[in-house]
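Shared between the two complexes below is chain A, which pairs with chain B and chain C, respectively.
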Partner chain A sequence: MITRISSEKLPELLQQISEQEKLYIPVDKSDKLSVYEEYAPGKVMSLKLNTLRSAKDFFFPQVQPMAKFRMEGKKIEVMDQRTETEDYCIFGVRACDVRSFDVLDRVFLADPVDTYYEDRRKHATVVSFACSEPSETCFCHSFGIDAAKPDGDARMWIANGNVYLEGITEKGEKLLQSLDLAALGAAADDAAVQEVEAEQQRVHEIQKRMPLYSLKPTDNRDKELEIFNAPIWKELSDKCLGCGSCTFVCPTCQCFDIEDFDSGHGVERYRCWDSCMYKDFTMMAAGTPRKTQLERFRQRFMHKLVYYPIRNDGIYSCVGCGRCLRRCPIHMNIVKVMKAMEEDA
Partner chain B sequence: MQDELIKRACDLLADGTVNRVLGWSAGDFFYDITPTVFESAEDVKKNFVYNDFCGANLSKYLIAESQKEGKIAVFLKPCDTYSFNQLMTEHRLVRDHIYAIGIECDGKVSAETLHDAGIHGILNVQKDGDELVCQTVYGEKRIAFDKAEDERCRNCKSRKHVVYDELLGPEGEVLDSHRFDEVEKLEAMTPEERFSFWQGELSRCIRCNACRNVCPACTCELCVFDNPKSGVFSKAASNDFEDANFHIIRAFHVAGRCTDCGECSRVCPEHIPLHLLNRKFIKDIDTLYGDYQAGETEGQMSPLSAFTEQNDAEPSIVQKGGIH
Partner chain C sequence: MQKEELIPKVGVVTEIRQETPDVKTFRVVGTDGRKLFEHIPGQCAMLSVPGIGEAMISITSSPTVEEYMEFSIKKVGVLTSWLHAMETGQEILVRGPYGNGFPVDTTFKGRDLLFIAGGIGLAPLHSVINYVRAKRENYGHIDIVYGSRSKEDLVDLEEITNEWMQEKDMNVYLTIDREEEGWDGHVGFVPNYVQELNFPTTETAVICGPPVMIHFTLQGLKALGFTDSQVFTTMEMRMKCGIGKCGRCNIGDKYVCKDGPVFSFDELGELPDEY
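Up next is the complex of A and B:
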């Protein structure tokens, strides 16, 4: 069932959700920046194509406190920093970012379950937001994602001066049912369904005219060693500056490090994002990080396009959000790597 | 101009002056420019690009490239030549292995600025007088060229090539820029306002290190922030102050050596105006020790390396006793 309300009622819709549970929406901080923030009356939802940082931060924040240690004499006190999260709603997540949650789930919710992630994940209701104006850096369709019909617990379209809402999961239906949509002048008729279909059609037509429309990943699961040893990596990695921009803006990158911070009064143990592009990556107990940028660069893309699919039924660890295309200081990105792989294969 | 550069690159490869050429190439969009080493004329003809989006400073790539066998030709825009000189001064380049060609620059634009201005689905961009005409899937969009330019180009300090083996086009002149205007705005703030400005900006830092890795002045083999034995090693902020700490230490480290090339702000994925930290140092150095432009000439001594007790602007810091 698709429910239609006037887009003028969007602020009231947000207000209603925020009365049910904690609500996060994308907000424009400037013409350059949109970020997720907790909703407060008066805050306007960003209609930008996407947030600068991905929505993975909700479940896998850059810094996650884990434990505190305090030592008195020969006694060490260990204080768990885990707190049970309350239910909350993330509103306005784009189709690419929604798919990234599936990619992350297969890592963090696999045995042994990462309880920090699980806690944040299970309390969240994700309301996705269909794209109406995709950009040339978008290639989610390459990974079978429909920008015009995103997954999530519920989805939303904004078109023709209306907001259209559809529940998908039990959690999403429950959220929608908890709202007084009738007070917002809601209608759920056949016309609403047709209007949404027309909107989807319109967006699909736009996508066909994008430069990356024909980009398709190649299933290279049976060519792991061949691609690992291919000559392409030297030329591609020569240009890489070895910074971590791509990994940190990426919605599916999930590597982390665990560090201790000496606060002077004790030790605070936290985990933080790490990047396989860094030279000290994996320099833990064994002290054997990958020595060259070629190895580091290769690892990142092999992981996304070959290793991850091998372990996850052919699913790629890229959702085509295009953030790395926009953020890489030298524009060396996964699209260029996919094309080089294809030419080489 | 691109054709002229391609021809020159091919000639230099053909007559054996160089065995490689450092320039730019593009990917699926004419704007996704990647610094590239070309090894054959064929490759140059096929892939070499020089357009309004070639903002990347190639000087830093020469640290590794000039260590290799044979000579490499490099195309340097005026501001890149300042970085080149500074790297020479710091003995980071093998000069005999480099053939530097100065090329004209009318300011560079970045696709990010176009996206930020709400221009999406870009298929092509052409310059039309003072405007950029963008063909997009949503129709034609126009934007003033200076609006699409990087800040560093809007406030260009110099169009003069301060070092080259050969010039394609004029040598250029130092410009009368307004680059300190933004610094003055910060100086006019109260300490509380300034603190809150920087806290707002730096709190967005994701510690991706793009600013450091692109910076031609950051050439340490092992950065203190990557060295577990340094005492300041960290991969992320464990408290509110650490991101500020990273940027302040970095700004101090490049003070007197930063040429104000603006790469740090160009590459910041969080759009933090990092150049303002460095530019404040430059302005202070100018005020305290007399005008100084890092990279203006090879071998020049930075005021922060050359000062003595006689001309020290803050003599209270260097005291009698202690190490004396």
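Up next is the complex of A and C:
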């Protein structure tokens, strides 16, 4: 069932959700940037294609406290101060970022389960937001993602001056049912379904004109060694500065570090994002197996396009969001790597 | 309640033995005086001290020891220096066990076994050797080759001399790199000694030691006719989580913490040469 309300009622819709549970929406920070923020009355939802940072932050925050320790003489006390997360809603997640949750789930929810991630994940209701104007850096289509019909617990389209809502999972249906949509003048008729179909078609037509439309990843699961040893990596990695920007904006990058911070009143253990692009990432007392940027660069792309698919039924650890294309200071990106793998490997 | 993989338990260090000038063995129990957890030979544990650091360390004791766990640790960095400086009674943090361990109840069962270790590389093999000794009837003949830089660098020398060398159907061959006073045993590098001893290819071999030793020992075994599938090793990589999620210990598509640390050389041969 697809429910239609006037897009003028979007602020009221957000207000209603925020009365049910904590609500996060993308908001504009400048004419080029949007970020997720907790909703407050008066905050306007951004219609930009994608937020600066991905939505992975909700389940896998950049810094996550893990435990506290108190040392006294020879004694150590361990304090797990976690409390269960309250239900919350992430509203307006694009199709690419929604797929990234599946990619991360296969890492963090695989046995043994990462309970920090699981807690944040299970209490979230994800309302996705169909794209109406895919950009030239978008290639979610390459990974079988439909930007015009995103997954999630519920999905939303904004078109023809209307907001269209559709529940997908039980959680999503429950959220929609908890709202007083009638008060927003909601209608759920055949016309709404047809309007959404027309919108999807319109977006698909735009996608066909985009430069990366025909980009397709190659299934290289049986060529792990061949691609690892291929000569492509030198040229691809030559200019890489090892800044790690691509890993930080990437919705599927999941590497982390665990460190202790001594506050003077006990030691706090936390985990934080890390990057395989950094030279001390694999450093041990005896040295590192990835001595140059070539090895580190190769690791990142082998992981996304070969190692991850081997471990995960052929699913790629890239969702085509295009953030790395826009952020890399030397204009290197996964698209160039995918093309090189196809041509030279 | 879900098992909390990333929250450590408190362990008490009840005994510290100086094995060599830079290796100490630490005996650890829980705060209730009992063993912290069960493990398989070859598995590891994350040891840490708040504010100092955390590292993956081989569990040196055999699972058949019911009262405690032991860790033989070489002093190489910040955490291990701290551990070497502490005194008994000190509490530390332990989580685990992690990794696959040796196939002691499958591939190794009923086989003649050849253990080859260099230096602190004996630590991960110590657990499996003592496991095999405790369940002696399940295994065939056992050969052990162990070498170090000098006599004083041989870890567990007392146990090796008093127990291992007395064991039935078990031969121990010791070697040191250079001649020294008070040593009338073999002198020379481990890989050469292994070739000299000309072990039969009916044995299943396990190698652990410095990368260069592993490399040449494997070559030597292959020259004797051993195949990659009958030679095992245990790998070392930097690790943070121990459960295949932090993304740093992989060799190709395999995580050393979860899929390893024990691999046969035919398994390693299918992976990129990045270790």
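In the analysis below, the second predicted complex is superposed on the first by the 339 of 345 C-alpha atoms of A that agree within 3 Å, B and C clash if a C-alpha of one lies under 4 Å from a C-alpha of the other, contacts with A are read in each partner's own complex, and residues count from 1 in each chain.
Going forward, a residue touches a chain if its C-beta (ideal position, glycine included) is under 8 Å from a C-beta of that chain, and two chains touch if they have at least 3 such contacts.
This structure is a prediction, so every number in the text was calculated from the model and none was measured.
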Quick check on the chain A-based superposition: chain B and chain C, clash or fit?
fit
Is A:290 touching the first partner chain B, the second partner chain C, both, or neither of them?
second
May I ask you to decide whether A:203 touches chain B, chain C, both, or neither, giving the answer as first, second, both or neither?
neither
After superposing on chain A, what angle in degrees do the C-alpha centres of chain B and chain C form at the C-alpha centre of chain A, to the nearest 10?
90
Of the two partner chains, chain B (first) and chain C (second), which one does A:274 touch, if any: first, second, both, or neither?
both
So, does A:255 touch the first partner chain B, the second partner chain C, both, or neither?
second
Regarding the shared-chain residue A:76, is it in contact with chain B (first), chain C (second), both, or neither?
second
May I ask you to decide whether A:89 touches chain B, chain C, both, or neither, giving the answer as first, second, both or neither?
neither
I want to verify one number: the closest Cα approach of chain B to chain C after the superposition, in Å.
9
Overlap of chain C and chain B interfaces on chain A (superposed complexes):
257, 261, 274, 283
Of chain A, residues touching chain C in the complex:
66-67, 69, 71, 74-78, 80, 107-108, 110, 112-116, 118, 224-225, 228-229, 254-258, 260-262, 267, 269, 271, 274, 276, 281-286, 288-290, 295, 299, 302-303, 306-307, 310-311
Please name which positions on chain A make contact with chain B in the complex.
30-33, 49, 52-53, 62-63, 133-136, 206, 209-212, 238-239, 241-245, 247-249, 257, 259, 261, 268, 270, 272-275, 278-280, 283, 325-327, 329-333, 335-336
Residue numbers of chain C touching chain A in their complex, please.
2-10, 48, 50-54, 76-77, 87, 89-93, 211, 236-238, 240-241, 243-253, 270-272, 274-275
Residue numbers on chain B that touch chain A, as the complex places them:
27-29, 31-37, 56, 111-112, 115-118, 120-123, 136-138, 204, 206-210, 212-214, 226, 228, 234-239, 263, 266-267, 269-271
